[in-house]
Every structure is written in C-alpha cells, then in structure tokens.
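Each of the two complexes below includes subunit A, the first together with subunit B, the second together with subunit C.
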Partner chain A sequence: MSRTSESPLARWLKHGYLWIMLALVFLPFYVMLVVSFKDNKQFSNHPWAPTWPLHWENWIVGWNTVGVCIANSIFIAVLTTVITLCVAVLAAYVFGRYKVPFADLLWAAILVLMLMPGVANLIPLFNLMRGLHLLNSLVGLCIVSAAGGQIVCLYILRNFIEDMPKEFFECARIDGASHLQQIIHVVIPQCGGIISTLAILNFVGAWNSFILPLIAIRDPEKLPLAVGLYQLQGAYVKQWGPLMAAYFISAVPLVVLFAFTMRFFIRGISEGAIKG
Partner chain B sequence: MARQTVRLRQIKSHWPLYLLLLPALGLIATFMYLPAATGILHSFYRWDGDELATYIGADNFTKAFTDPTIRHAFAVVGILFVANLFKMIPSIITAVVIHRVISDKARYVYRLLFVVPMVIPGMVVLLIWKFFYNPVVGLLNSFLTATHLLDLFVKANAWLVNVHLADKAIFMADRSPAWLGDSSLVIPALIFWGFPWIGIIGVLIYLSGLEKIPKSVYECADLDGVGWFRKFVYIELPLIATQVRINLVLLIIGVLSDYGLMLVLLDSSGGPGGAAMVPGLYMYYNAFMKREAGYACAIGILLFFIILALTFINNKFVRVEK
Partner chain C sequence: MAEVRFEGVSKVYDGGVRAVEKVSLTVEDGSLLVLVGPSGCGKSTTLRMVAGLEDITEGRIYIGGRCVNDVLPKERDIAMVFQNYALYPHMTVYNNMAFGLKLRKYPRAEIDTRVREAAELLEISALLNRRPRELSGGQAQRVAVGRAIVRHPKVFLFDEPLSNLDAKLRVQMRVEIARLHDRLGATMIYVTHDQVEAMTLGSKVAVMKDGFLLQVDAPLGLYNHPASKFVAGFIGSPPMNFLEGTLERDGGTVRFRCQDLILSLPDDIGRAVRDQVGKRVYLGIRPENIHDATLGAGADPGNIKTFHADVVEPLGAETLVYLRGPARGLDVVARFDTRSSPRVNQDVQVAFDMNKAHVFDHQTEESLTYAARYDAGLPA
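Let's turn to the complex of A and B:
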C-alpha cells in the first residue's frame, strides 16, 4: 500500500514502534552473544555489557557439548521432513484429483486428527513404540513425528492441487504418464513454492520437537538438540559463558537454512495463508 | 478444478490410487488411531504403563471429576487462555504498522528482520527466559532494581496488604523476587513470558490478509477524513478477521495441550506447590512420575473432548462475515 500524504509524526511513530519491537525481539541474541564471551567472574561483575578479554574457549566448550546433538537434530529434521512430504504429496494428489470411493470418509478421518492434541495419546504411543522396538531409535522417532506432521501438509497441499488447472494432468496422461510421473513432473514443479515452505516449517518443527524425543530417546549420544540443551542446563548452572555459547551455536544451522530460503518462506506463508 | 469421480465399479482400473494413499493412511492408522484406541481401552484400567492392568470400570473418570488438582489445572489453563488472547494483540498491531509503512522496500526489510529470530531454537528461547527470571543473575530483576520499579512493587504490595486487598507480601524490600520459585509469582511469570509477544508466523499471515485491501479503499477513507484508528477498526480488522479466527482455534488447542513450557521453566510437578499445573502436565506427571498410566489416559481423553467441544463452539458462534 502506498499513499501520498503522511505526517512526519505518524512516520516517526510507526518506525519508532517497529524499532523498539525489533530491539526487544533481538534482545536474546544480544544476551547470548555478550555472555558467551565471559567467564563467571566477568559475568558477576558486569553481566550485561561486553567485557575484555574475550573468552573464545567458551565457544569450544560449547561446541563440544552440543555438537553431537546438532548432528542428531539435523538427521532427525531432514529425515522427518522428507518422510512427511513424500507421504503427504502422494496422498494429497489422490485427494485433490480424484473422488475415489470412501474418499470423503477417509478425509474426515484424517481431518479430525487435527483436533486431537498430541498429549492425549502420548502414553499409548510410548508403549506402541516400545512394542515395535522404535524406542531409542532416531529413525523410529522420525517415522512417528512424520505420522503426525503430515496431516497439516496434506490439508494444505490438497487445496493447492485442487486449484491446479485440469489440463496439466490431462496432457501428461495423454503422453502416457503414470500417477507417479504426474506427481513428479506436474505436481512438484507447480506446487514448488508451497512444498518448500512446508518443508521449512516441518524442518523447524522437527528441530524444536521436545516432548516426544524426551520420552523416546535414552542414549545420551542420540539426544536431539532440544532435549540435550534441556538436560545441559541442569548440569551446567554455574558456567554461563559456555552455556550461552552452546545456545548460540545451536541457532547456527537454522541461520544457514533461512539464509537460503528466506524469500521463499515469506512468500510461501503469504500464499498458504490465502489458500489454506 | 472439479475432481474426477471414480465409481466403485471402476475400481479395477483405478486401484493404484489406493496404493498412493497407503503410506499416509498406514502411518495415521498405526501411530494415531491405534494408540488412541488403546488409550481409550486403558483408561478403564488401573495400569502402571507396563504389563500390570486391572479393570476398574469408570473409576479413573470419576476420580478425574473429583480431583482438586484437575480443577486447579483447568483454572490455570483458563487464566493462561485469557492472557494469550491479549498476547495476540501485539502481532496484530505489528502487522498493521508494517502494512502502513509507505516505502515498499522498508516494508520488506521489516518483514525480513522480524523473521530472523525464528532461527533461535524454541528450547533456547525457553532457557533464555528461564535465565531472565533467575532471581540472582537474571535480567528481569536487574532491570527492575536499576529502574527502581521493584521499590514501586514493594510499596504497592504493602499498600494492598494494608487495605486488605492482598493477603500477603510477595515483594519485599532487599529481597529479589524468585519469579519461578514463588507460588504466587509463577502464573504472572508464565503470562509475561515471551514479551513482546510477537509471533512472526501470525504477523506474516495477517500481512497477507492486509495486502488484499485495495488502495482505493484507503483513498476513499482519506477523502472522508477517516482517522487512523477508525481505519483500523473498519478497514483492516475485518479483513484479518478470518486469520484471527484461525489463530484463535490454534490458540485453544495450543493452550490446552501444551505443557513443554511448564516442564522446562518449572518441573514436572508444576512448580512450587503445583501452582502452574496444567492438564497436559498433570497427565505427563501421572504417566511418567507416578506411574498411573490408566489415569493419565483418562485425563488425555477428557482433554480431547474439551478441545473438540471448544472448537465446535468456536466454529458455530464466532462467525466471520465475509
């Protein structure tokens, strides 16, 4: 929106408000960064201002403590996202293109799960995972997370596939494309924007997942980031510097992800909001 | 696009479609419906989460209806829900302010900047807040002391006790308040958590709604001399009403089912004296601490029906005119 007239006061108010909000939103970054270079003595003397000398070794300690967790979390997030989207695209293609017998019934059975709080079946799920020997297994964790995560993806993707022009699919079929080929050559390129947005959201979701890995993973060397950090804060109460360095390091993978996908992501959320 | 109808007798040539549905439906059946079914079954048992299970009929449910902790937990959720309604406001205001920034480029940059904090893992955000609330080294207490707001709190508290509006002194001079360690401060701490309460996904969704407003509407409003506040109420708010409603549904589900926040900031028993015990956490506590998994299942089922009912009410009565 652009309008012609605007008083200088209004202009300053708007920008001032946004900058204050940004400062508050970025405050955790500042705290993490500043504290991560201190030893405990510097921290108790000047907690919130930068102090010299900088203790770079905090970052090495931090990396040594969360490095494994980060690797685990990357594995979990990538695998969960891939499973979720593969499964959701296949099913969304069928629901969006065809009205097979029982489609409405199956769709209703899927949608009602959107209302089911994850907590309600946590304990039976835990038992089921134990029965299937999926406890303490990263792959098992990914499969279970994907089962829940696919529902929203399915819902959004179906809307997008339904809105695609019929001709695309008919042309492909005349050329002899199978269902799978139609998905790969028509659906995925046409819905690329929303699929990548969903991929980012799923990745971030898996990256942040906490309760399920907390109960499902036992071995310390298999812990994902959220659980690892949660257990770390109990053990390291006294050493704020390395702890903050570890926190900061754990944000880096997502920085890398967002650096490449930010534009996509912002546009995708807007598109998804209108259609979904 | 109209969907192609496949009739039952055409199924012979179209059966591969079910093959494509199979992974999705298989996962849902195994990891969502099966646990839900066994959960319902086990809610009628006294069960330790392992092998031992004795059928006790509806005892778990009658116990739940008379359990004072559950009543307290739903009261806490009610308070948090009302608080979270107000916590939606900053996102709406921020979206409207960004939308009203005139330069296209500045609007884009602001959006970008607000997305950046999403890179911090959720757990780190929680732990940083726990650090802020730390009574000795926390930022919040340093801030309150430095600005002498703490003295103000102490005086206000003393005055309230004097006029019998409060029954005890929470803030005392020369003592830094333990935000997460004092049963009367835990709920305020959980409400204040996340300040300034800007959820970037929400902001982006609102913005996409606002961008659909044609320029001419604003020009007309300018000609009629409509002020900024009335523009907000009559032009902008109706356009994001749908998104606000969607967020409301998500909020209901989120507040009722989330307990990671309490688990991280406090502990599995809901903080000092169980002051911040919420239904989800109580379920977790029963299942994994007290080993009363049958009772925990019953609480989970109760929660599910409450969420279902609230969503239904929301869809029925909170209508949005298009």
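Let's turn to the complex of A and C:
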C-alpha cells in the first residue's frame, strides 16, 4: 500500500505498534542502566525512575567483578569460533567434493546428533574430559565446544560447497592449486557470506555457553561470563547497583559485535536463501 | 606445442558404464582437432582424460611424447576452457587471468606482461579491472580463453566453450577462435556437439558415438566420404537423405529400388556394391545433390523423378524444398538453386545426382562405397 493511499490512522497505529515493541525490547537495558547508578535504598524507594546522586562507584565494582569473566569469554568465543570453522570448512570440502568411504553412514550419524539435546550427554562428556585432562582448562573447553559446533557448520557448509560449480575446482586443479589452495582461493571467498554467519552464530553460542563451563571449570578466575554472572547472584546480599552495572557491562560486547557484523549476518542468510 | 596421442584409451565408470571405448588417434602438433558427436557420446570424457580430470581405465595418452596417465593435471602443461567459463566471481578479470601464474610463483612483472599481452590479443584490455558479473557472455568467454593463453601451455582444451552463447555471438567467437589458432599455432582439442562448429574450426574432425570413435578426417573428407550412415547423417545441414531399399541388377547396371522409385547407380558405385545385389541397403544423398530437373545441368533422364513439394523454405541464397515421394518413406529434402521457384503443393521434377550418392549396408550401416571412392580419390 503506498503512502499516499494509507490513512493517517493506519500509519499511526503501525508506527505506534513498532514503538511499543521497541520499548519493550529496550526496557531491560533501561532498567539495568537506571538501577546501576542507585544504591539499595534508592532502588527500594524509586526502582524505575532515575535518582540522584548517581553512584558511579557501582560501575567500578561491577567491572572488577566481571572484567576477568569478559576476558575469558572473549578468549573462549574467539578460539572456539576459529577452531570450529577451520575444521568444519576442511571437512565440508572433503564431504562436498569427494566420495568418502562410509560417507552416508557418517552423514546419518551427524543428522542424528543434531537432534540429540546437549544436556543428554553431559555426564559421559564430563568423564571424557576428565580422562583427557581437559577439565578446568579454557583451551579444553574450546576444543570440546568446537567439536560440538561441527554438526551444524558441517551440514550447512557441505551443501554450499556441493552447489558450487565443479568447474571452479577443476580449473584450480589444472592451474596447479593444491587442496588447501582451492579452499583458500575458491571455497572461502565463495562461501564468505555463510562463513561469516556461522562465525557470528558460533561466537554468540560460545559466549553464552553456560552448562559446560559450569561443570568443567572450577577456578573462579577462569569462569566465563555466563557462569560468572550466575555465581554473582549468590556472592552478594543483592547489591543491586553493582549487580546491574555488571550485567550492563556484560551486554556491551555482544551489542558491539552485532552492530559491526549484522550486515554480514544478513548477507549470509540471504545467500543461503538464494542458494536454497 | 606438442602432439597428443591416444592409444586404445577407454573409460569405464563405477557400475560398469563404458563411456569411451578404445579410442586411438593422433592430434598433430599445432593442429586443431574437433571431437564432435551427440550428447553422451564420450567426447567430453575423452577431453577430460587428456586434462587429467578423469582417470584413464585402459590405454595411454601421450602429450609431447610423454605418457601422462599418472601425471597430475597441473603437471601436464595443458590449459582448459570450460563451457560455463569458470571465472572466479570474487576476482577481477586481471586476477582471474593471473591466478594460475601466481600459484606457480611466477614473478610479478612476468605475470603482468603475460596478462596484458593476452588481453591485447583478445581485445579485453579495457576489462581487466572488471569482475565477471560485469561482463557479457562473449567477454567472459574471451577472459576464459585469455586465462588459458597466459599459461603458454603445450595443449589447449576447449569443452563446448560456445554452447552458452547466443547464435550470433557463437558465429563471431568461432571466427575468433579460428584466428587465435592461426596466430598461436597451438595444439588444440575442441569438443562440441555442433557439427557446424566442427566443420568450420577443425583441421581434423573426429566423430564419436556411444563412446566409439567412428571416423577421423578433414571436415570435407567427412562430408564427402562418410564411413558410416551415422557420420553421413550427423555431418551436414540439412542432414543427408536416407532411402531404404534394395539393390538390383538391370543388365550391366546396378539399380536402387525403393518401392516404385528406381534410381540407376553410376558404374563406379555399381562396381563397389555389386556383391550386395539383392540385399537391403540405405541410399544416402545430400540435399544439394537433388536438383530441379527443369534447370537442366545434364541430369541422367533415368534419375529424374516426380515429387510433391510439401514445404518450401526460401533462404535467400538457396531454397530448401521438403519433397514427398510417390510412396510412403520416400520423403527427401532438396536444396534448390535460387533460379528455381517451386510452389507449395506442386509436383516438381527432381534430378538425383547419383554420382554423389552413398550406399550403406543395412545391418552394419557402414558405407559400401567409402573405400572404393576414397581410395580411388573419386570426386565428391
């Protein structure tokens, strides 16, 4: 419907609805921000409205509390994403281009694993990590997370590589490209959009990972953000100001990530839609 | 440049599908061989075996005297142009052309020189900074050819490079490829299903069917001396007319009879087929060897027959006439001179030039006149 034919009332209703939705989405951030400058007394008296004086020291306490956790989460998310995608691209290249022995069986197993809930294998996973001396280690956590992340990445990337014209690879072979060079010069540029999307999804997934770090990490200085914030709940007699400051600081990295990477995410999804 | 030699080359896929059967032929150094045939005949598979993209099941392939059966594609010193160009969409034209040289770690200056030389040869210098999506079909195909040229390979392989182009562009690119071959003097193997491309491009043409190599000859050799009914019908447009009948003797003359149609064979052809008298055969005659009898030209009166013009297609330089004979199975296509003016649904007196006729065995479909005519150097 064009603007000229749309009635003012309809336009007002549409915009009003969008503003209400936006407000609801941003409400938690507003609450966190407002409460982060209060002490408990101000919070009890006026929980939603800004109050004075502003307690800036809450932010220092909050940062000291979650700063290490943020650093751990960044390390885990980046390393997990890198390992996941490196392995998945290599494996998807082989599955997509060549006839692998028992490929159908392997593929069926991957599909079954996609349907299995992660918590169902927590205990055997814990025992496995203990046997491999990967407990209480950030790198160990990354390796296990990367293994789990293979399933979806492999499934998506293999389909993309299968759809690529085989002449690209044949031409590269004739030109003298090795398998690794074909991946670097042909696969990755062609699949850049979907690889970006998978990178974002894996990063966010590793960032928000909770159950596995909860059982695998013991040392407080190695805790990632999700577990650190959870333990923060019981650490204080509910100092709401520093708590909210810590939560707000925790949300900033992902907001920044999305702000800079959303166009890659959308492009990757669009490429997937067109290819599909 | 180098000679390419096939010795009993076969390709059998998993499951027992025999795509290529014992192909033996030689592509002379500097020549352009065209592999032509219908879809699924094994021509692309044969080409891919030369490139190393398909394993060779039986036989050997030699490039420049070296057996390349176990040699990797990158070490065979060949370059290939694909049907769909295979240009990397994320690279500029320059980088597409330079890609192979960069992989082989050529110095930057030499890469630049080779790319610009090839671009100038193909008249695409102005396109070097464009990406493939900004190119037309013809431009993209030239870039693909340029990517092959910069490698200075021993052998160029073309896998139906013009199939994705429109008819007009195909004609134009055909001429350019022919010019390129003349300029480079390179050994080229060109695969196509289009017999017009085959006839116009190749110094030699190899016709394949169902994995078998049927005949290798110069284009006019195939056209005038086809060794089998399939080759006779595949080469030439409109295709050769085939009439199914029997051979009979009338005194010293051998005649072909198809129902009420009787055509006398000239002495040389009669001698070649005299052992087949009484047997069923196919008589082949090209449209341009069926004339309008009213124009004279010394036709044998015994070979002038009355046909009915069903469809007349005036093409300007010639007229195609679709003729219906006196009985079923006697339909032929004739290529008349522009001086003729046949009318649709009119009876036409047509003269069969039997000096140019071909006779094929009914069972094997091999030419009964091939050896006698070709060896005797008889006129086409």
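As a convention for this text, the second predicted complex is superposed on the first by the 262 of 276 C-alpha atoms of A that agree within 3 Å, B and C clash if a C-alpha of one lies under 4 Å from a C-alpha of the other, contacts with A are read in each partner's own complex, and residues count from 1 in each chain.
The definition used in the following text is that a contact is a pair of C-beta atoms (placed from the backbone, for glycine too) under 8 Å apart; a residue touches a chain by one contact, two chains touch by 3 or more.
Source: prediction; values computed, not measured.
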- Room on subunit A for both subunit B and subunit C (clash or fit): fit
- Item | Touched partner set for A:P165, first subunit B, second subunit C, both or neither | both
- Query: Where does A:A251 make contact in the superposed view: on subunit B (first), on subunit C (second), on both, or on neither?
  - Reply: first
- Message: Just to be sure I read the superposition right, which of the two partners does A:A177 touch: subunit B = first, subunit C = second, or both, or neither?
- Response: second
- Given the touch rule stated above, what does A:A91 touch, subunit B (first), subunit C (second), both, or neither? first
- Look at the residues of subunit A and decide whether subunit B or subunit C touches more of them. B
- Put simply, what angle do subunit B and subunit C open at subunit A, by C-alpha centres, to the nearest 10°? 100
- Message: After overlaying the two complexes, what is the shortest C-alpha distance between subunit B and subunit C, in Å?
- Response: 7
- Query: subunit A residues touched by both subunit B and subunit C?
  - Reply: 165
- Contacting residues of subunit A [partner subunit C, same complex]: 165, 167-168, 170-177, 181, 185-186, 189-190, 192
- Of subunit B, residues touching subunit A in the complex: 1-8, 11, 14, 16-18, 20-21, 23-25, 27-28, 30-36, 38-39, 42, 49, 90, 93-94, 97-104, 106, 110-125, 127-128, 130-132, 137, 139, 142, 195-196, 198, 201, 204-205, 207-213, 215, 218-219, 222, 228, 243, 253, 256-257, 259-260, 263-264, 280, 283-284, 287-288, 293, 296-297, 300-301, 303-304, 307-308, 311
- Item | subunit A-facing residues of subunit C, complex | 51-53, 73-74, 78-80, 82-84, 86, 88-91, 99-100, 103-104, 147, 151
- Message: Please output the residues of subunit A touching subunit B within their complex, sorted ascending.
- Response: 1-3, 5-6, 10-11, 14-15, 17-18, 21-22, 24-26, 28-29, 31-32, 43-44, 47-48, 86-88, 90-91, 93-101, 106, 109-110, 113, 115-128, 143-144, 146-148, 150-151, 154, 162-166, 179-180, 204, 207-208, 210-211, 215, 225-226, 229-230, 233, 240, 247, 250-251, 254-255, 257-258, 262, 265-266, 269-271, 273-274
